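Below is one structure. I have some questions about it.
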């Protein structure tokens, strides 16, 4: 069930350049299940900035009733968010949308992430590993400064890093790494910029894949029709990223 | 006991608070969050004769204390709305106001004729003011004669009272209000969005794919309030006021300026519980201000 | 070296940044804070033939990301402006744009004739759009024929180029722009304030003594930007754009939309150093975006 | 000279119900001289709320290069202001306006304040006492909860308190106290709600008096013509509270 809650801020840490790891606690966490779901966060008490910001769930800790987000402080809203401390509360609406189907993973899965698309893959990796699925992580970042969670992913499986400027790992995009990896996986899961999702989709036409999309949002719950994408399922309909997605099987979204 | 009820043509409202069209879909999503029977009414998303896909994305952009949208009347079309959405809404004890849109006058007439027969549709809201559709819409809402004629045509076929939604993008909103009154409108809803634009400073490109969009939210409240106040000075038609309402004192302001009820749009995105919260807060605020009913307060700015 | 200079009729601007009329008085107060010679130009407070006391107070009210004002053209009158204010401004190396207002066409003509002869007045800004004066003003700015005629009359008597300031409170701003172009305008300045209102929720009374006021500040930027963009699509006249400018990217946006220079109004109250700060920041921002001059960037949104 | 400065917040204390004492430090303090001047404070980094808030200077400490404001947290702006802490800075524009002329005090002065009009009288009392002027303080508040600085004023001279509800001192308005006090002073200084200023002015038609006025402000420096009042000095002109005032001799402002 979707809830709105003023959640307690447990911690907020800058884990890479302009990348913040924010953990909050509250009963809303009990509603979270699927990796790949997101929350809609209000960054200010006033109406300026007005809209909530969608942020993926990066880690769920049901015991502590807390969850973790990882986001890049970039525009007005996220930079306000990054100024919040343990003394503040955070107005969170969630969990929202449909996440990654973990039961489709088979025995071995590729998790392919780019930049701020990496966070939801972490909870996904945790849940897949808990089910005995072997996960390989292929993660792309701008530069070494922007890399985060490398060790955490490594603890869960093979982890390959690409940076655009080559300052860490392979130089280039995740697709460069994918070219050199075997085709021996059962399913892939991906989140990142749309061109990356496109490239990944093209690389594995015969594989089962699940992609998480981004769109500008209004309501975040399916009411305002802001976040639509065309779909191959029907010529006469759109899908909504917020409530039909953000995760869709490969081949469904026309971007 | 503070009396929140409001009687308007076709609408026997428990309270004067309702979500504005386009900001609440057909209610399904918000029904996950609270009981829709709590609402005074629901203004459902614009319905057109045929299904519409609307505009390309991005469709929304944030601005200072506001947002732009160019959804472009995406909706499943008259048949689906009448066959699926409206029957689903019947489980709630809430009168529906159906927002009617189109490109040609005949489209409006067709939608109005059919949708006004749905049992839970108690009034129509004639959307002659959507700034986000190329053909039509906008001209209906800016030319008094066209607006009057369209109102008359829709009145002729509608089984329920017809409210006309006015555009703020006009030189003289009072003239438009009077025109639709002459056309037989039973009420007025106002305001729709202000036409605006945002650019991406990095590229110079419009952020909204449709180039321009409709500005809503707290930023436009002063314009909306002024227009409601002006229109109230020139007509006795019921007014459902909207534009930037987010807090209980915003409701008070619109009622004071002469609105008989209010609609809440953008604020639903910020706080999905805003409508029931406003409904809960209104009695106490009215009482604090020394009023026992919504009706008593309504229009007080004109009686000072 | 990034080139900030802009050449417009009558105006040889060091840079495209100037304070907007009514938000900078006649410069004296801001001269205590910084050297006015730094500014591209100064749009001085509206001047009328006779001294004006303006409206009763309160004259300002805050709104979400904006403010309302109803100053009502308070000014010391043509003679004092020409004999005292303008000569005082001569100490600065900055061209002055004189904002001309009135109730009747003859008033405008009288002010224009005299003030355009002042040595440091390099252009006139015809204020046909002030929403805060009862008689006139507003009608000049909303009726294309009246606007055209007035422009022509003022052009006939002015010794310097005439820019006409457009109102946003119209159905079709392009129509107005074309009308003043036909009337011989050398340029356009836009936008003036949006007509708005605020009520005191405690009493229901308008906060502004004049009841309504003009809305300015970041809240109106999307409307202003849209109008500049639209007008640029339909005319080659120089445009000085304004409405909610407060940061360097706002300047970039207005230039991108087609403004040749920009004016900063309300932001002066928030940060009295905003104009020199924008002037300092502009070269770096232009450079970051890959432009070597203001002119190169101007209108880029139309060339995508 | 008027300066704009991001000043350091030294302390912020709630000294009575919703009444905050805020001390800030910076070089701008060196420009302050007259009691009764004010500053124009920006309460948020964003443009919401947009306008600065005018607040009087309540105490100047040139040595520490700090000054103190006392304000009531009431609307949106002042309540944001009240949330600021030592970790924040405060954007201050000032000193603004013309304050109380201390050289006009003679030997004995009445300082008459109401509510949030009391603060500027404190610096005034300090400066008058420093010059050997005897000061009598007549201060009005809503109720006992809203009373502040009573002891501080008492240290400087006779101090009389009125509260509207009679919960502390005399019940009623400052004028009730004035009725019972001797007429043996040389000048009076007053700050408070306009009706109070009117009443005080009427009570002492033959005395030298100086009144500090309030008006809604835009710029705070004299450029926007928002804060005008009619004046007895001329039928054809307004005075500006921000730059001609806020303190005017009795009889000048038509309110």
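Descriptive notes on the structure:
Chains here go by letter, A, B, C and D, matching the order in which they are written, and residues are numbered from 1 within each.
Everything that follows uses one rule, which is that contacts are C-beta pairs under 8 Å (C-beta built on N, C-alpha and C of every residue); 3 or more make two chains touch, one makes a residue touch a chain.
Bear in mind that the values here come from a model prediction, so they are computed numbers and not experimental data.
Considering the contact criterion stated above, the chains in touch with subunit C and with subunit D alike are A, B.
Chains joined by the most contact pairs: B-C. As a whole-number value, the distance joining the C-alpha centres of subunit A and subunit D reads 54 Å. Look at where the CA atoms of subunit A average out and do the same for subunit C: the two points lie 47 Å apart. Chain centres here are Cα means. That of subunit A falls 36 Å from that of subunit B.
Shown for subunit A are the residues that touch two or more other chains, namely 47-48. Contact with two or more other chains is made by residues 63-66, 217-218 of subunit B.
Contact topology of the protein chains: fully connected, every pair of chains touching. Taken together, the subunit D residues at the contact with subunit C in this complex read 1-2, 4, 42, 47-52, 77, 93, 215-229, 236-238, 243. The touching residues of subunit B, counted against subunit C in their complex, run 63-66, 68, 142, 169-172, 194-199, 201-206, 211-212, 215, 217-223, 225-226, 229, 244, 249, 252-253, 256-257, 289, 297, 300-301, 304. Every residue of subunit D that touches subunit B in the complex is listed here, in rising order: 47-48.
Touching subunit D in their complex are the following residues of subunit C: 22-25, 28-30, 32-33, 45, 51, 53-54, 57-67, 69, 71, 74, 217-218, 246, 266, 268-273. The part of subunit B that touches subunit D in the complex is made up of residues 64-65.
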